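Shared between the two complexes below is subunit A, which has subunit B as its partner in the first and subunit C in the second.
Let's turn to the complex of A and B:
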C-alpha cells in the first residue's frame, strides 16, 4: 500500500537533523499510516495493521445485525482472552502437587492480592465459555450457516467445542478438592469404557491406575500448555476460514445488490480489494450493501468485549468460585457430581456406562461432524428457524432439549446414591 | 506487488525432464510418512509410564492372625476388602466397576455411593449400573508369614488362600 503521508523531506544529513527527526522516524517506522480520517485511509490502515488485518475491509450489513449472530462467537473469543490472562496470572501462584495444590487455593483466598477475584474470573469465564460455545453452535445450526461452502468451518467449530470441554475437564482437577478428585475419577472411568483402547487410554491419561500426583501433573500440562496451543491454532484457522468462505452466512437477498445500490466501477475498486479473493468479491461488480469494517465492525466488537468483561467482573465480584474439602479418597462425596455441563453425561452414565458415556455421546459428536456433509441442500441459509429447514431444525432442537433435560435432572434431581430427589 | 496467480502462463512443477526430482520427492514423502508413524508410536510409549509413583499394587497386610475368622474389613487406601472365613482368606476389590468410586461394605455385600450399584458378599452385581462383578485379587503368604495381596493379579471369584 502506498503510504498516504509524504515521507519527511530529506534535509542536509546533519547529526542534528537526524536527532530532531528521530521521534518522527521511529513513529513512522512503526505506524505506516497516520491516524486515518477517510474510508480509504481506514481501509488501508486496517489492511496493513497486524492486529486489524483479520478484518475484511468491508462487511455485509447482515453480518452486523445483532439479532443474527448475537455476537456469540465474539463473546466466546473474548472469554478465552480473559481465561488466558487470568490463567497465566494464576499460574504464578499455583503448584501442581497433591500436597500443595489445595493450600495454594486457600492462599488465593487468604494471601494473594486479588487471588480470589482472579480465580472467580477464571472459573466463571470457563463456565461461560462452555455455554457460549454451545450456544454459538446452536446459532450456526439454526441459521443453516454450516452449509456449503462452510462445511469445514463447522467441523472446526465442533472440534473447538470438544477442545473447550477438554480444557474445562482438565482444569477441573487442579484445585485438588473433593469435587475435583471424584469428578475426574468418574470422568476418566468413562473414558475407560471405550472399546479396545479404553483402559490403555485411561492409564495414559492418568499416568497411573488411579487419580494421583501423575494425573494432576498431566492434567496441568494439558490445561496450561497443550490444549490452549491447540485451541489457539484451531481458532486461527476458524477465523481465517470465515474470511475465505466469503464472510458470515447471509440470506440470498442480503448477498444481492440492494435495489438502490450502484455498481462500483472497476476503477473505484482499490488495489487492496483486489487482494481479497473470495467467492463474494467480484471485481467490477461489487454490490454495495456492505459497510466499512472500520468503524462499523470494530465498534460492534469493542462493545461486545466491554459487555463480556463487565459481566464477568460483576459475576466475579458477587459470587465466589466453589472450593470443597481437600481430597480425601476415603470419603467420596455422596453424590459425587461432575461439572454441570457433564451432568447430562453422568445422568446417562447412571443407566449404562458404555452407552451413556461412550456410545450415545460418540454418536452425537459423529452426527455433528457429519451434518454439513449429509444436509447438502442450500436453502434457508442466513435466516433463523427458516421454514425450509423445519425437519433439520426440529431434529437438532429435540437433541438440544434432551441434553438440557438430562443436565437438569443430573443437576437438580439427583441426591445421595444418585436417587431421584425433589429440589423443591 | 502481485499476489493474484497469473492465469496466462501455464506453469507446472511436474517436469518430465527431471526424474531425479520426482524420486527425491517420493523418497522425502515416504520418509516423512514413516517418521510420522514412528513419532505416533514413540509418543504413545513415552506417555505410557513404565514406572508409576503411586502406592505399590503388591503389599503386605500383616499376619493371618490379625484377621480372625468372620472378618470383613475394607481398606480404603488400598481399595481392597479383606475377607476371612474359617481358615480361608481372600481380597475383593472395593473399586466400583462402574466408574471407579470406592464401594462401602453394606449388610448384603457392597454398595456404591456414586451411582447406586449393589454387590453381594462375593462381589457379584445385584443392582445398579455396574457392568461387572468386583474382581478378586491374589492372596499369598510371604516367607515371613505376612499375607501379601497383589492387585495386579486377579483370581477367579471364590479362590481362597488356606492359612
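Let's turn to the complex of A and C:
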C-alpha cells in the first residue's frame, strides 16, 4: 500500500466517500509523511516522527562504520529495553518477601507460562548489559571520543556504568537463593569498608545489620523503580548530548571534499543540521560526508537490534539462569563469591579490605570521571588506538587488562577459603 | 548486511516458534485424550458417553483449603483416572488410585468409598510435589530445587548416589500422615514411631531440641527439620555428620539402614506446627516437657552396663574395644574417678570439667546411680607394657601419636591436651610438675590421675619416653627466678578491684571479659587461653605458679611475659582478682 503524497483536498461530499477514505485518513493523520522516496521526504520523516526524531536527519558516514562503534552503545540500549520488558513481566509474579521470593522462582520454573524463558532472558541480558556497557566505555576511550566537547557526556557515561552495575547488583538479591544471599552479603560488606560512612552506608542499604527482609524490600524498590528511572533519565541526557555535541566523534577531515554521489550540494534549503550549533557542525566548512538517517542509520539500528535479540533468545533457550538452594544462613558456601563483575574487587579485598574494596576502586572511578578534564589535547579523536594517544591508551589498556585478570582470578581460580585452585 | 540480518531474523523466529510450541502443546492433552477415548469405550451409560464425547482437554484442578495455606493441585490433569475404579489395571498416569482398608476406605454395595476424598485432600498433602505444575519434571519435584519431591517415589538427580535408592518407598509418606495423625503408636505410622523411639534411645535428644520433646542445645534445633530439609540431607547428616559441616562433632552412630530410614521419616514429620495442633498446643507440650525429667521408654533397663549400651555412651566415649572417638576413655574409670566425681559429672558434666561438651542427659536419678556403679566397677588396670606401648594405649588418644597434642579426641577437649613437641614449654618446667600432672591429673580438665593405674616406675618410664621422643630437650636448670611462694598482696576488695582493672586492660583480649578463656583472640590460639572460671583448675594451682606464668610467660604457648609491664603488686592484684572469681562457687 503506497500512501498518496497529498491527502485528497477536494471535498468528498458523500458519507460513503468519507467511509472509503477513513483508513487512509487515519493513516495519514498518524504518519504525516509517505514512505520517503526523495531527500526532502527522508528529512521530513526523521523530523516529524516521535520515535525517529531522536535521530539527526543526516549522519556522518563514519558513525555508520560498524568497526568504529561496533554498535556497543546501541546494544546496551537494546539490552536495557529487553530488560525493562522482561522485568515488567516478571514483576507480575514476584513478591519481595523472604518467605515467598524463592517459591516464586520455583513457580517461574515449574508453573508460569514462559516463566523460565523470561527469567533467562532477564538474567542473561543483565549480565550482557554490564559487559557491553563496560566495552562501550573502552571503545569511547580508545577512540578518544571523550575529548572536548564531549567531556560531560563521558562523565554521564561513567555514571551510567555505575548505575548499571548497581542495577545488576540489586537484582542479584531478588531470587533469594544461596547465590544471591551470599553474593550480596559479600558485596555489601565491601561497601562497609568505606571510611567514615561505610557502616552507615551498609546499614542504610540493608535496613539491618545483616541481609534480610528489609534488605530484600529495599533492593527490590531500588531495582524496579528508583534505579531504572535514574537510568532512563540519564540515558535521555546521554543521547541528547550526542546530538548537541555534534554527533558521534570522528576524525577531523582536512582534505577538500571529494565529489561523492551521496554528498549533498551546498546552499540547500532543508539542511536541518544548520540549526544545530556546535563546534563539529560547521556546515560548508568541512566536507559533507553525511548520509540520510532514513534508511541508513535506521537499517543499522535494526540490524543491531535483531542481532542482539536473536543472541539473547538463543542463549536463553540453551542456558537456564542459575538458581541455587534457598537461603540458609547457617551454611555459607565456601567460597562465598560476589557477582562476577565485583569479583575483581573481592579478589583485591582479599589482599587489603580498605584498598581493595574502597581505595583502588574509588581512585579508578575518580580517574574515569577526571579523564576528559586531565587530557585536554584534541588529537587522535575518531581513530582506534591512535598513535598520538599511545600513552593514554596504554595506561587505560593496562588498567582494563588488570581488572579483567583480577575478575578472572576471582571467578575461576579461587576455591574454598579463597585459596588458589586450578579450574582445570 | 542483509544476509546476516535475514539469518538473525530467522533465528528470532525459530526461537519464538520453539518457545511457543513448548508452552502450548502439552503432554497432558495426550493423556486426557487417551482417557476420554478409553472411558468412552468402557462406558455402559449413554449419558456419560455423551458427556465424554463433548469433553475437550482442559486443566483439572482441586483447590485445597483445609490443610495449611490454600493451595492448588492440578495433578488430576494427567492423572485423570485417579478416582475412576475402571482404570485399576492401567499404567500410569491413567491408573486409578488404589483403595485400601488400611487407609480407611470402605466398601459399600461393592463400591469403594474413600476415607481421604481427593476433593478435600487434593494430592500433595500426602504425596508432596509441585501441585500447580503441569509438566512431569517439575510437578513431580524432580527439579533439584523443589523442596518436596513426590515422597517415596522421586529422588532428585543431585542426591547422593550411594543412598538415594534407599530414599524411595511408600513408608516415607508416613511423615505426611503424621501431620494429622499425631498420636503416638498410630497404626499407620510405624516408622515415625520407631524413629521417635530411636530419637530417645540413641541419645539424639541430648543434643537436639525438638519442641515439645527435648531441650538439647548442642546440636541444631530439629523442631522444623522436616520443613527445612529434604530426606537426602537428613540421611546424609545421620550417616555422615561431617559431610555438611566440617566442624560438626556429632558422632557417627553406625546405625542400620532400617534405623536410619525410620529416623529420617520421623525427622521428616517434624515441621513445627502440624495440621493437627495449634501453636497453643505446641506451647503446652513445651511447658509439659520442660517439667518432665524422665524421657519415655526408660523402663526395663537392668544394669548399668546394659544401660551404657542402650544409651549409646560409646558413640562418643571409648570403652574396651568400642571407641566413638570424641570423648575420654572410660575403660579404667573405677581407678580414675571416685563415685562422687562420676555422679556429679553425670548430673552436670560442667560442674567437674567446666568446658566439657558432654550434654547433661535427663536420665532418671536411679539410672545415673546404675551407670556410676558400673563405671566404678571398672578397676582392672591394663597389663604393664613398655613405655612406648603405654603411651600409645593411654596417652596417644588425647596427646596424639606424635605427642603434638592432636590426638583424635583432642579437638573436642577443652583445655587442649598438652603439645609435647614444644621444647620451650617442655624444657622450662621441672620434672616434678610433669610427674605430679600424671599422678594426680590436672584439675578441671580431661587429664585424669593415673596413679592407681600406673606404678611410679611406669610413670617415670612414660615421662622419659615423652622427653626423649617428643620434647628432645632435657630439662634445663633455670636461673633462679624471683618468684614469691605466697601472694604478697593481701586479698581485699580494693586489691581485687585493682586486679580487675589490670585484667581488663591487659588480659581481656585472650582470656576474655568474663575471664573464661574465650576472648576475641582465643580462637586462633593453641592451646586456648586458660579459663579462670574453671575453679577446679585455678584452686589446684599454687600462687607461685600463677606468679611465674604472669611474670615470665608460659613458653610454648601464647602467654607472654608481663615482667616489664606489671610490677609485683599489680601481679598480686591480678591473682587476687582471679582467686576472687572462685569464691562463691562450689
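One rule holds in what follows: the second predicted complex is superposed on the first by the 368 of 424 C-alpha atoms of A that agree within 3 Å, B and C clash if a C-alpha of one lies under 4 Å from a C-alpha of the other, contacts with A are read in each partner's own complex, and residues count from 1 in each chain.
Criterion: a contact is a pair of C-beta atoms (placed from the backbone, for glycine too) under 8 Å apart; a residue touches a chain by one contact, two chains touch by 3 or more.
All values reported here derive from a predicted model rather than from experimental measurement.
Partners subunit B and subunit C, once the complexes are superposed on subunit A, run into each other and clash.
Contact with both subunit B and subunit C is seen for A:330 once the two complexes are overlaid on the shared chain.
In the superposed pair of complexes, A:349 makes contact with subunit B only, with no contact to subunit C.
In the superposed model, A:302 makes contact with subunit C only, not with subunit B. In the superposed pair of complexes, A:313 makes contact with subunit C only, with no contact to subunit B. Touch criterion not met for A:194: it reaches neither subunit B nor subunit C.
When the two complexes are superposed, the chain touching more residues of subunit A, out of subunit B and subunit C, is B.
Of 202-210, 238-246, 436-444 or 508-516, the segment of subunit C running into subunit B after the two structures are fitted on chain A is 508-516.
Note: residues 330 of subunit A belong to the subunit B contact set and to the subunit C contact set alike, using the contact criterion stated above. By the touch criterion given at the top, residues 105-107, 109-111, 113-114, 117, 177, 299, 302-303, 306-307, 309-310, 313-314, 316-317, 323-326, 330-331 of subunit A touch subunit C in their complex. In the complex of the two chains, the subunit C residues touching subunit A come out as 1, 4-5, 8-9, 11-12, 15-16, 18-19, 23, 130, 132-135, 138-139, 143, 145-147, 220, 244-245. For subunit A in complex with subunit B, the residues that touch the partner chain are 182, 185-186, 188-190, 192, 200, 203-204, 207-210, 212-214, 274-275, 277, 329-330, 332, 334-336, 349-354, 416-419. Across the complex, subunit B meets subunit A through its residues 3-4, 44, 47-49, 52-54, 57, 76-77, 79, 98-102, 111-116, 129, 131.
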